[in-house]
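Both of the next two complexes hold chain A, though its partner changes from chain B to chain C.
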Partner chain A sequence: MRSIIRSLIILALPIAVLWSCTDDDNSEGKNVQDTFNRQMMLTGIADEIIIPSFEHYVSKLEGFRVAGDQFSLEASMPTLEQLRLTYLSAYKAWQHVSMFDIGKAEETKLRNYTNIYPTDPNVIEGNISNQNYNLLLPSNYVAQGFPALDYLLYGVGQNDADILSILESNAYRSYLSELINRLHDIGKDVLDDWKSEFRTTFINNNGSSATASVDKLVNDYLFYYEKFFRAGKIGIPAGVFSGTPISTSVEAPYSNRYSKELFQESFVAVQNLFRGISFDGSTTVSSLEDYLQHIQELNQTEDVAQKILDQWSLAEAQVNSLSNSFKEQVETDNIKMLEVYDEIQRAVVLLKVDMLCSFNIQVDYIDADGD
Partner chain B sequence: MHQELNNLYPKLDLLPNLSVREPTMIATAIRPNLFLDLKQNLRRFRKQHFSSWCPNSGLTQYLNKNTKAAPLAVFRILFGLLMLIAVIRFWYNGWIEKLYIDPLFHFHYSGFSFIDASSSPVYLLFVLSGISAAFVCFGYKYRIAIIVFFFSFTWIELLDKTTYLNHYYFVSVIAFILMFLPAHCTFSIDAFRHDDLRYEFIPSWNIDILKLMLAIVYIYAGLAKLNSDWMFHAMPLSLWLPSKFEVPLLGSWMHEKWMHYLFSWAGAIYDIFIVALLLCKSTRLFGFAAVVIFHLLTRVLFPIGMFPYIMIAASLIFFSPSWHLRILNKLTTLFGINGDVFSNGKRTSFGRPPSISLILLSAFMCFQLIFPLRHFIFPGNVYWTERGYRFSWRVMLMEKTGYANFKIVNGVTGNRFYIQNGDFLTAFQEKQMATQPDFILEYGKFLGKHFAEQGHEHVEVYVESYVALNGRASQPYVRSDVDLMKTTYTKLCNQYLTPFNE
Partner chain C sequence: MTYKFRLLLILMSGWCLVACSDDEMPDIVIDNPAEYDFVRDGSSTVSFSGQSTRIAMATELINAMKDFNASSQLMLEMYANETSSGGDADPYSDPALNASTKSVKSKVAASSDFFSSNTAESAIIKAEIESWIISQVSEVFPRKDNLAEKGLAGQIADGSSVRYVNADGLEYNQAVNKSLIGALMLDQMCNNYLSTSVLDAGENRVDNDAGTLVDGKAYTNMEHKWDEAYGYLFGAASNTKNPIPQLGEDSFLNKYLKRVNDDTDFAGIADDIFEAFKLGRAAIVAKDYNVRDQQAEILREKLSTIVAVRAIFYLQNGKIALENDDFGGAFHDLSEGFGFVYSLRFARKANSADPYFTKAEVDTMIGQLTAGDGFWDLTSTTLDQLSETIASKFNFTVAQAGS
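This part shows the complex of A and B:
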């Protein structure tokens, strides 16, 4: 009898401890840390990179909106030029926040409403002419955001005079300002959320599971790198996934001079997050690079972080030789585009294999051991 | 020899009287009698031949040894209960949709490619395995229930090998063995309601076979750990543990190298010796404490779901029959049932002169002993090629991360394009695919077929793949100049894998 009680106690005690301290989805962080302070990294990234980037983005959208109002009041060549200038700076600012598909941005599908391209002029023209549309619908992803604005500001007519005269009509003008206002509002929602609650949630979710901030941030970062940065901006227009180049699939094809600038801007953003360079460039914070080096030192393995940075330098050098318009580049000399793609692609292996395995990032919440 | 052995068997008249249920109708009476004659003849035949063939009288003596059935009943109850929980948990987590309904493409086991999630009644299978697990737990219509459970559960596991886990395989193996054991002969609804199913004693081997199976699992798992990565580099634990800083009590040491070594060595020693500790009466309690601590630690550290609980429950089988009986009596009192009906002193006829069950199970255990060793006949490092890796109790042995980039080429024009794996695979499938040659090949062939059906001509499929194993830098994996459409799995493993660079 005594042995039963004893064995039952042995059985029950650890189970009790266990039930009290785990749940299937370790999303709640505790303040215990490995020697690398994950929370410090998250705090630095939130305060010095993510939030300032969103602040910058929203302030540029405000400028864009003001220029939009001006144009609505008085459509003229100078107000159109001003509108285009503010469009470009907002679009560039977007490149710094696109990868943070987390929290409110993920919930509201910010990226889908902001920068799905190529845009579809037929849908845009249809919306404008029949006035019966709902921009919240996924079918209207292709009729809003920066790509649609690129079309409206640069592509509705043959030349600037044409464009101006078309945009002067009330229907175009109101669609234009609706797109700008919407872009501003959905961007500002995300910023407000970061500033009110999400920063704390993000920083405190410092555990290690598929839903913890570090895992989520890294998964999102790699997803962005592969799908939007590598494939969207370079691979798809260069025909990597279709066999034949699709020059109209570049980012901002109607303005036809900014795609390289936008790409370089996003490349800076990609590298800044990895290296922990603050948005204004004034400081550095604890970063993925530091975390990677920490783990590599612990296990005395190769310095992958340096390999990644070296690979990116190679890619950057290649990008410099491209035309300002990727559309032109694809049409005249696509080989160069493919060469850039290859350099960007080489880093994918380092990021997705060497880095991911060092961080022990969970892809998803699923039962899976090491086999 | 004959005579001598025959004397060892209990008298035939001790066997339950099989003709008790004599049909009243004369017309139907002939058939059962015929059947009984056949059965008796078969038994006599087996007795004569097997006995004379078997040189070891110790073996036959052992096979006739009886023991109380209580441990098997506890095993059955816990197994059924845990499986019911496992099915509910799986469903509740939304994994049925995520793993079997949502994916466009599924990876098949070789030899079972006719089983596919898109053409299988997935929900029905889960319902069946849940209900049959409950029936097994209560011992209600046990034989049918355990057969339904084995087939439905195994069918689920065969739907997509992306989800392969050693513990799912373990469940199928145990369910297979249980199909042949009289686990419902005591403390079950079946035995409560039917006198002829109720036995207090069963052959000892009915229990020992489960102990043997556990020994195979543990010892093979332990032997597999005796490799240089595990023992001398504390890999892959050095990669996994640092991110487990949240674990209570131990969390703050999880980044320490000595901790990784401690866990590695303790794990290997535990796996190899635990069964011995459980078998020996004086160390049993200590061994069981080790089982509980070890498995709960793995539960806290790694996402392996129900496995720790299953193993803890299974190792109770090593406790004495009287211990199990006391547990069962407490349970029956709890449910307000009179457990005395089960103490009828009757012994089952199972296993007396070799029954079909015994022969089948013996063959099955031989298979279990040999199958995990099959990697020895394949060239190359089993961690790199993964040939013979599954179904061999290699648990938590490596961290393999990979990346595979597929290229579709028109063999005539040279025109080519790349695949975005996310278009066809889930993130989990992609992760599993990138490190395993059989997955890479099956997916490559699927892509080739897909694009050929779309009207592409002269389709060739190539893959640029990289794998990092246990903290080493990434290395090229499958050779990128091999057309996957024209190769086979054996060729891929033997010739077309880039050699592993230690």
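This part shows the complex of A and C:
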């Protein structure tokens, strides 16, 4: 009997979704015109969030590169420490741009070359020892970017003295430099494109088709939220999809102390885009939240934006109780990771169903098959 | 409660059919258990170790195809479980498989109904799968460190994953994996073990009626044949008596039963299949061959549906990815689709001696997928047309299968 009820609910759900998403023509007073100024929202997001985030990111990469050059000149504990500090700053700055997989970033697959993890030490060591590698190949995603640097700076030896002596060798030093320089160059290409041409293209593509900027931006945002933020940082290491926790699949497992900090940084970025908070925090711009409220006022429906924000507050509170090292958290008390996952997940329905319906945006990605 | 009710329904339908069709045996009572669990004198009569073995062998094969250190000789030995000259081979990592005399290849396109007098085609299919194994090593592996281009094998990004494709964009490992679902599993089930030509072969009926067991075994021949069909779907399950709660435990038919069952348009198909297997087996115990054969027909249609739905699903997803210029994602979908299309050759219509598609029809579809530069050249029109061609033979739509 219970299973019959469950089946009915499962059957009824998609119908309810379809209903609220499609024709409202026949229901009184609901056929309202969406008069929200999409171009104004795009302009604010580009000028106050995306471009400043990339500027910040590239400036941190420049610092990282300078520290890399210093280390190349003189490998020592102080220069290694400096390199690690600038690594962390750049990695945190990355969390603010990762979701903008649009324009040049999408075309050059910036995210794949920057932050695919877990990294593969075997591939890295193979590249270093045979010196014959092509970092452009997709099979080398796992041997570059921040995850590979996390391995090199923290995991290549048993302790700091070991790490230093290994990195001192020419082969390691040149691979390290190459990774840092490449990270910088591909990030800068995207920033340059935003500043030269793409800003205008992005802002002027202000319609509401599948290829319009708002539709793409929102889809990229949700894809990021589901795949990289929810699954990558929490769900996969907690074993949500495989059934078995994989503690080594957390972000930055070799440094083993920054995964929470990186997650919290990305959570700030996720919320700032939604709320239209400028990168420097000094101002707010027209945002997804405003857009949602605009639709809600027109339709006299409930305040979904507030529900999303409330849900995120719950998630943030849960995150605070986690260890700084998610690896350690998974290994000692994975239930807490799963609880965070659940809170993050609860916002997915609000974002993916309620918000997308309000904006009349079609999801343009499908959950990968996993095989 | 639910179970008793279902049993009652089944018994009622069985009674009605028996009563309506012939009056000779009006009071057969089928004892349909809750689980696929049949016992005689305290011993289980269920056995399908040979199927579990072949699933395990096929799994090692498809994994080896993704290992750049593996040779084509090793892979071919995994396929045939013998050396190229017919000698004993030990290609598997699992010693139990090396000790086995069974093989994947000998059961590819080898059903009684479709291939016993069609050995030429059987040989062509066996060799075709072999050629994909060989080409993986000769065409794709040497270009593993190059980017794939139109007309050139190599690697290509699919999201954050890497796919290794031939010059047409086809992943041979996917072609082998998904084609085996039809050529091995579906063919052996629908056209062999569920067929009267096998179930009733020789003295099987007489023996089953008399309860005559196979020498040294706890089962009759007919019982065992039915179990062997069951084993091709559930032979890798951790709970083979009650496998439905944990579907997806192999990389073959079981996995895709789960996928189709998870699609709301086809929800319940897993239960339907399990119930048909169970009732059919119970009917054999009860010597009710009408009910047995009715279940076989249900199974043919439902098992064929799995393959057809997944063929369309991947063609449609490949189409969407191509439209988004996501070649890597598209090629991966289309490689899976290729294998499922190939598998349609083995799909069997209910209450018929015919396949849903002849070899010639499937070859035409495969030809459309691989024409010119293959997946690089595919258009949405072709993929939609192929999807419609498949759906038109079944009672579901492209839209239902495609998402």
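Things to note:
One rule holds for everything that comes next: the second predicted complex is superposed on the first by the 328 of 371 C-alpha atoms of A that agree within 3 Å, B and C clash if a C-alpha of one lies under 4 Å from a C-alpha of the other, contacts with A are read in each partner's own complex, and residues count from 1 in each chain.
As a convention for this text, a contact is a pair of C-beta atoms (placed from the backbone, for glycine too) under 8 Å apart; a residue touches a chain by one contact, two chains touch by 3 or more.
All figures in this text were calculated on a predicted structure; none of them were measured in a lab.
Applying the stated contact rule after C-alpha superposition, one finds that A:S139 touches chain C and leaves chain B untouched.
Using the contact criterion defined above for the overlaid structures, shared-chain residue A:L356 touches chain B, although it does not reach chain C. Chain A has more of its residues touched by B than by the other of chain B and chain C. In the superposition on chain A, A:G239 contacts chain B only, with no contact to chain C.
Touch criterion met: A:K109 reaches chain C, while chain B stays clear of it.
On chain A, the surface patch touched by chain B in one complex and by chain C in the other comprises residues 1, 3, 7, 10-11, 14, 364, 366, 368-369, 371.
Of all residues in chain C, only 1-2, 144-147, 155-157, 159-162, 251, 255, 264, 267-268, 317, 320, 324, 328, 333, 336, 403 touch chain A in the complex they form.
Listed in rising order, the residues of chain A touching chain C in the complex are 1, 3, 7, 10-11, 14, 109, 112, 116, 134, 136-139, 141, 364, 366, 368-369, 371.
Interface of chain A with chain B (complex): residues 1, 3-4, 6-7, 10-11, 14-15, 17-18, 21-22, 24, 26, 29-30, 32-36, 38, 207-208, 227, 231, 235, 239-244, 295, 298-299, 301-302, 304, 345, 348-350, 352-354, 356-360, 362-371.
Those residues of chain B lying in contact with chain A across their complex are 93, 95, 98-99, 163-166, 236, 238-240, 242-248, 251-252, 254-255, 257, 285, 288-289, 292-293, 296, 299-300, 302-305, 312, 319, 323, 326-327, 389-390, 394-403, 405, 408, 410, 415-420, 422, 426-428, 431, 466-468, 471-474.
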